[in-house]
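Two complexes are shown next, each including chain A; its partner changes from chain B in the first to chain C in the second.
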Partner chain A sequence: MNESTNKVLPGLPGSAAKMRPDVSPTVSATASPATSLRSPAAVSLASRLLMVSVLLLLLIAPFVLPQALVNAAIQMLIAALFATAFNVLAGQGGMLSFGHAAYFGIGAFATLHAMNALGGAGLLPTPLLPIFGALGGCLLGLVAGWFSTQRSGVYFSMITLALAELLHALAPHLTSVFGGEAGVSSMRMPAWGLSFGEPMHVYYLTLAWVLASLGALFFFTRTPLGRLTLGLRENAMRLKFLGYDVHAARVMVFMISASFAGVAGGLLAMNNEAGNYVLFDVRLSSEVVLNAYIGGTGVFFGPALGAAVMTFFGYAVSDLTRSWLLYQGLIFVVVMMFMPNGLSGVVLWWQRSQRSSAVLARYAAGWSLGALACAAAVVFSVELLQRVLGSDYQSQLVDAQPWPAITLFGRDWLPGAVSTWLLPLLLLVAGGLILNRVTRAWDALNEEEAA
Partner chain B sequence: MEFFTVSLINGTIYGLLLFMVSAGLTLIFGMMGVLNFAHTSFYMVGAYLAYTLQTFIGFWPAVIIAPLIVGLLGVVVERWFLRRVHRYGHAHELLLTFGLSFIIAEIIKLFFGNYPVNYQVPASLSFAAFRLFGTDYPFYRLMMGLVSLLMFGLIYLLLSRTRIGIVVRSAIYRPAMAETLGHNVPLVFMGVFGVGAALAGLAGAIAGAFYTTNPNMALELGVLVFVVVVIGGLGSLEGAMLSSILIGLISSFAVGVDVSLADALDYVGAGQWARDLGGLMTLKVSSLAATIPFALMLLVLLVRPSGLMGEKE
Partner chain C sequence: MSAVNSIHPVSTSPAALTLRNVSKSFGEAHIIRGVDLELQRGERHAFIGPNGAGKSTLFHLISGNFKPSAGEILLGELPIGGLSPERINRMGLARSFQITNIFPRLSVFENLRLGVMQRFGMQYTLWRPISQYRKVTALAEQLLEQVRLVRHRDTLGGELSYSEQRSLEIGMTLASDPKVLLLDEPMAGMSREETDYTAELLRELSVGRSLMIVEHDMDVVFSLCDRISVLVYGQVVATGTPEEIRNNAQVQEAYLGKEVAA
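Moving on, here comes the complex of A and B:
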């Protein structure tokens, strides 16, 4: 998958490079792709194999997964499409939007209204209805894009945020369109001999739409406008001198991004058969930013990867912890600080490095070990704190009595004891030392090379 | 007349409060080019810290100490977080502060729960300043306005009349040149970031007692403060003052106006048509109050992109 994307996006962190042309950090400072030890043909074969296996996994997933996981898989697919659509604007076009929930939400409402109006009959049966999501997103994207792309950089982000907030504040009052508190609900009507009552039907419907959309978005990166998008990010002034209408190009990119965000919203609407104005909430806008940047905006499939991973984690741990949002924020900040190109940046780093896989694996293992120790310390402290400070526990306390033990990870812990808090502290120190050592060794290795 | 006077005073004081938070934000932006998403989180932390501290050391000491701690937090954020990602560009810094605001809100929820805490104006300060149209006007409201005005005066004098002010302004205007002349620009950045955070913390400590203190207060105020800063012109202190009061007045007047677009169209005889149309036409201005600042911001950005008093674009 990366042989092709390398060409599309040469490892530059999108928006950063646009707002600040003098800094252009690459993923790996040691080597360019041309001098890599791994030959392009081998990388291409490996990435194709990976792609085919992921596709196969997605196709057989509903037969092997329990029903709850099928639902989680649907959410992952939708989040992946949303993040990829967002990335067309943010990563490729260098326009950081903080209000993408607006287009997602509009897509959802457009699809719901279409479901109610058409009833799954006629020329547009149920499986085709997310097209209205695209239409809704596209139209709103045209208006919002025309306004917001008048400016660039921070101002662009602020306008998208303001537009989304405008819609969010307005939506509860426009009951005829957005249904007020209760929202709009609908039913998936049977079509093409499928009932769409089972999760499996919905899964394949979502999968088909997501794959088709991702394919279309990937194709877009190869079109002249797709190439121009990268130019908008890198140097819009130069495009202007070359005679392009920069504003028109920006609006078009905005519309494409908004349309596919609308498809994602439409798929969510089909899945839930309902929606209300909460869809416009700023939380959804921020989630897509988090997902896309955790995955890495420099690679086409990066945001999809980030969204799928984060949605899966969110699903997996939301039953176990009440602090998932905190972990999400922590992961985002750690990624921003130490892996500026996201998860997919790590893959690029590996591919482009001149060193042998064994050396890379050794260092990667060292970093992972240190990070795991730190993560364990943080998770332990947060979970213990959350239980200690929870109202259930606080109400059990008796004055002048020692605080009772808390069962966590299969053991009892006394919140008042020093030894309890020594454990995360030790883990944190150990993890920090490991990270420090590995990083130093890595730097020394590179310096040796340079000298 | 009563509505007008009360709205005028309330709006001005709310505007002054907005100014306390947006002053730091606009200074930080003007200097470092970073739009700090975590800025209203500092406001929230200030409120929660003051709430916690006041049970131990009393209201006034808490209001003084909480902003100092928040200022330290700001220094930490600048020195160990922002400076680290500076080389990746402004978008990256923006995203980092965005992530930090997320974390701060969640940590607050972890410690204080996801509901408002009972942070109240101390009894010694909750008396009426004067009577207005038969109702008591709280003294605390006036005090908030005075603190903000005092702060504006102090910052203004500091920036325009002292040697530190000259260095800070030159670091804002031409950071590279100021550095060449031997000034420690990173230190100035850190200082302004800390002071800006402390100001937001002070606003939180004072306003948290009057308005509600809950984990969503950062987000609620945050978007409004961005609007203020953009309308006033990013980097301009006077602009922030002007637009804060403007937004304060608009928010306070709009909630009391019981007129819709259709009523306005009555004057040209199209009222009934508009009422039949429904939707946006029949919405009362009062229910649109939350949207007016955003609409105003869009207008300003399109007509005068650098803001009312801004110079930079």
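Moving on, here comes the complex of A and C:
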């Protein structure tokens, strides 16, 4: 277990706290099952190169990254797989699950019990045990999917939420299965000449499973059932009149999604060698939704990108500030408002644009600059306010005395002074102006062309 | 599985589709009031009638979207009244919709391929990529040509013009190679040229199948169909050849009047 992670997700005890991930640029372009991307050969070559470089980076990561980052990378990989599995159901199948923690958690417990029961020896040595995560997710997915897919839309979402909450509420009482409050723990036993005691072994084990799973899920999008999944999202009613059993198809898709969520849970269990009922927390269910949408559900690798970025963000920021969940929420809101197709939507925008990369880069830089200025204003205000309103600071206040200075970003700031608040205000105005101007120029450019 | 164009079957025995005293009520509203009809094999049969006569409701009953309140519907000799739409489709009856009903964010090709796939029972296939099923691809391409959407192969369904979506709708309905084809106002919104082409296409594709069509374009109805039924307030007031219908006084009065007399 790695201690630094426990701090990262305040409020999330133990194992669940480790869900953060990533592999940054995994994403890129490649396949958008939703809207087939007709890209010239150059673009396809570029995406391939990007894929290969990401792969290489992932392969050499443990040799070049410090220990803490390797641990973070494991979390990123797991979150990326979880988000991709979730997206099979949500993005491809049009079924927004609010309870995916259930399948992730069940996968984790199934794997832990398998580790304890099999001891990592025999036909199923340690590296193969996440298969039990898949089995657990698959079985629970069959049952939960059979019920929840009787309905669609909001009702579907509510049923998945309720089922996951049911599990979350029951789990602490089912001591023999979920180990009560303490949870279940296990040990990674050596196998295939590897100790699995070093983070590097765990990293490669995780990487292998995540890559194989992503590969399988990508393959799935190319199969008849995978194509049918898109039909479920687009117009399930029409499918009935084409002769398809829509309920059965939905259950299948649900099971596939739940199985791979279970693998992700199993990998987390192997990584932590422990798990408790907090794995079923609604927090995990909502995080995977946010990650997938931030990354973009319309592109196969979008959710993985989102999960990787957000996990890394959590890793990097959660040690720095207590407000990081607020920032996470803000990022989600801003992405949904201004980039509804998520981060991967930006990649597609770039690829599909007729304009030269230089032009695109100039505008992208302009928008980034404006966004950064606004972000700096928000961060400054939030951090200052958080300190001013904190009980530590409030207890230092003396009536009729000016409020003492607060140290932030290496400088002292007087919360009572107008000049202190002028800084974020100026940043915000400047950022807003930049964004406004760049957007106008961009619109003008497009109109010119259209005319 | 016969190819898209098969031979004209000359079979007399049971009708392709039989309706016996079929009724449908929604609460107090009696929308369909005892319809009897036999759709012969190879026949092209039109339903005409004023708006609200129950033409679309009748299609919903036959295709499994609604359950009949009373009466019997037979596909060949098998009762299908109240069965699910997917079962009815797999028994060989496909329908199109009055309001365009496609997969808007999938390509035109994909829309058709989803229709073709089912014919081969590939609903649960996940060990081979779809692209390896050459026959599926070939049939989808063939449909693409038939409904004249080749140049829109990779366009998203939702981005097609309205009349192109109508063509796509027809293509999807044909994809499962049905024995009985129900088309609900297939030409609505099409230009004259598109309508003529589509009528010709239907003439061609309905060989070896039975076609039931609801259409407001009387030129199409009278030139394409072997028989016509006039539906008024949920009842068939007349059934006959185009000539008989044209000369039927009751029909003139109830519905046709201006449109055809002209």
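The rule is simple: the second predicted complex is superposed on the first by the 412 of 451 C-alpha atoms of A that agree within 3 Å, B and C clash if a C-alpha of one lies under 4 Å from a C-alpha of the other, contacts with A are read in each partner's own complex, and residues count from 1 in each chain.
Here is the rule we use: contacts are C-beta pairs under 8 Å (C-beta built on N, C-alpha and C of every residue); 3 or more make two chains touch, one makes a residue touch a chain.
Note that this is a predicted model, so its numbers are computed, not measured.
Student: Put chain B and chain C onto chain A via the superposition and say whether they clash or fit.
Tutor: They fit: once the shared chain is superposed, the two partners occupy separate space.
Student: Is A:G262 touching anything from chain B or chain C once the two structures are fitted on A? First, second, both or neither.
Tutor: neither
Student: Tell me which partner A:G295 touches in the superposition: chain B (first), chain C (second), both or neither.
Tutor: Neither partner.
Student: Is A:M336 in contact with chain B, with chain C, with both, or with neither (first, second, both, neither)?
Tutor: first
Student: By the touch definition at the top of the document, which applies to A:S391: first (chain B), second (chain C), both, or neither?
Tutor: first
Student: Is chain A touched at more residues by chain B or by chain C?
Tutor: B
Student: Determine, under the contact definition given at the top, whether A:F219 touches first (chain B), second (chain C), both, or neither.
Tutor: second
Student: Please work out whether A:F147 is in contact with chain B alone, chain C alone, both, or neither, and reply first, second, both or neither.
Tutor: Only chain B; A:F147 stays clear of chain C.
Student: Just checking: does A:L326 make contact with chain B only, chain C only, both, or neither of them? Give me first, second, both or neither.
Tutor: A:L326 sits against chain B, while chain C stays out of touch.
Student: Does chain B (first) or chain C (second) touch A:L170, or do both, or does neither?
Tutor: Only chain B is touched by A:L170; chain C is not.
Student: In the superposition described above, what is the shortest C-alpha distance between chain B and chain C in Å? Please give a whole number.
Tutor: Nearest C-alpha atoms of the two chains are 13 Å apart.
Student: So which bits of chain A does chain B touch that chain C touches too?
Tutor: none
Student: Hey, which residues of chain A end up touching chain C in the complex?
Tutor: Contact set of chain A toward chain C: 34-36, 38, 219-220, 222-228, 230-231, 233-235, 237-246, 248-249, 252, 256.
Student: For chain A, which residues are in contact with chain B within the complex?
Tutor: Answer in residue numbers: 13-20, 23, 25, 96, 147, 150-151, 153-155, 157-159, 161-163, 165-166, 169-170, 173-174, 176-177, 282, 286, 289-290, 293, 323, 325-326, 328-330, 332-333, 336-337, 340, 382, 385-386, 389, 391.
Student: Which residues of chain C touch chain A in their complex?
Tutor: Touch list, chain C to chain A: 63-65, 84-86, 89-90, 94-95, 97, 101-107, 110, 113-115, 117-119, 122-131, 133, 154, 156, 172, 175-176.
Student: Once bound in the complex, which stretches of chain B touch chain A?
Tutor: 29, 33, 35, 81, 84-85, 87-92, 94-96, 98-100, 102-103, 106-107, 109-111, 113, 219, 223, 226-227, 230, 234, 278-280, 283, 287-288, 290-291, 294-295, 297-298, 301-302, 305
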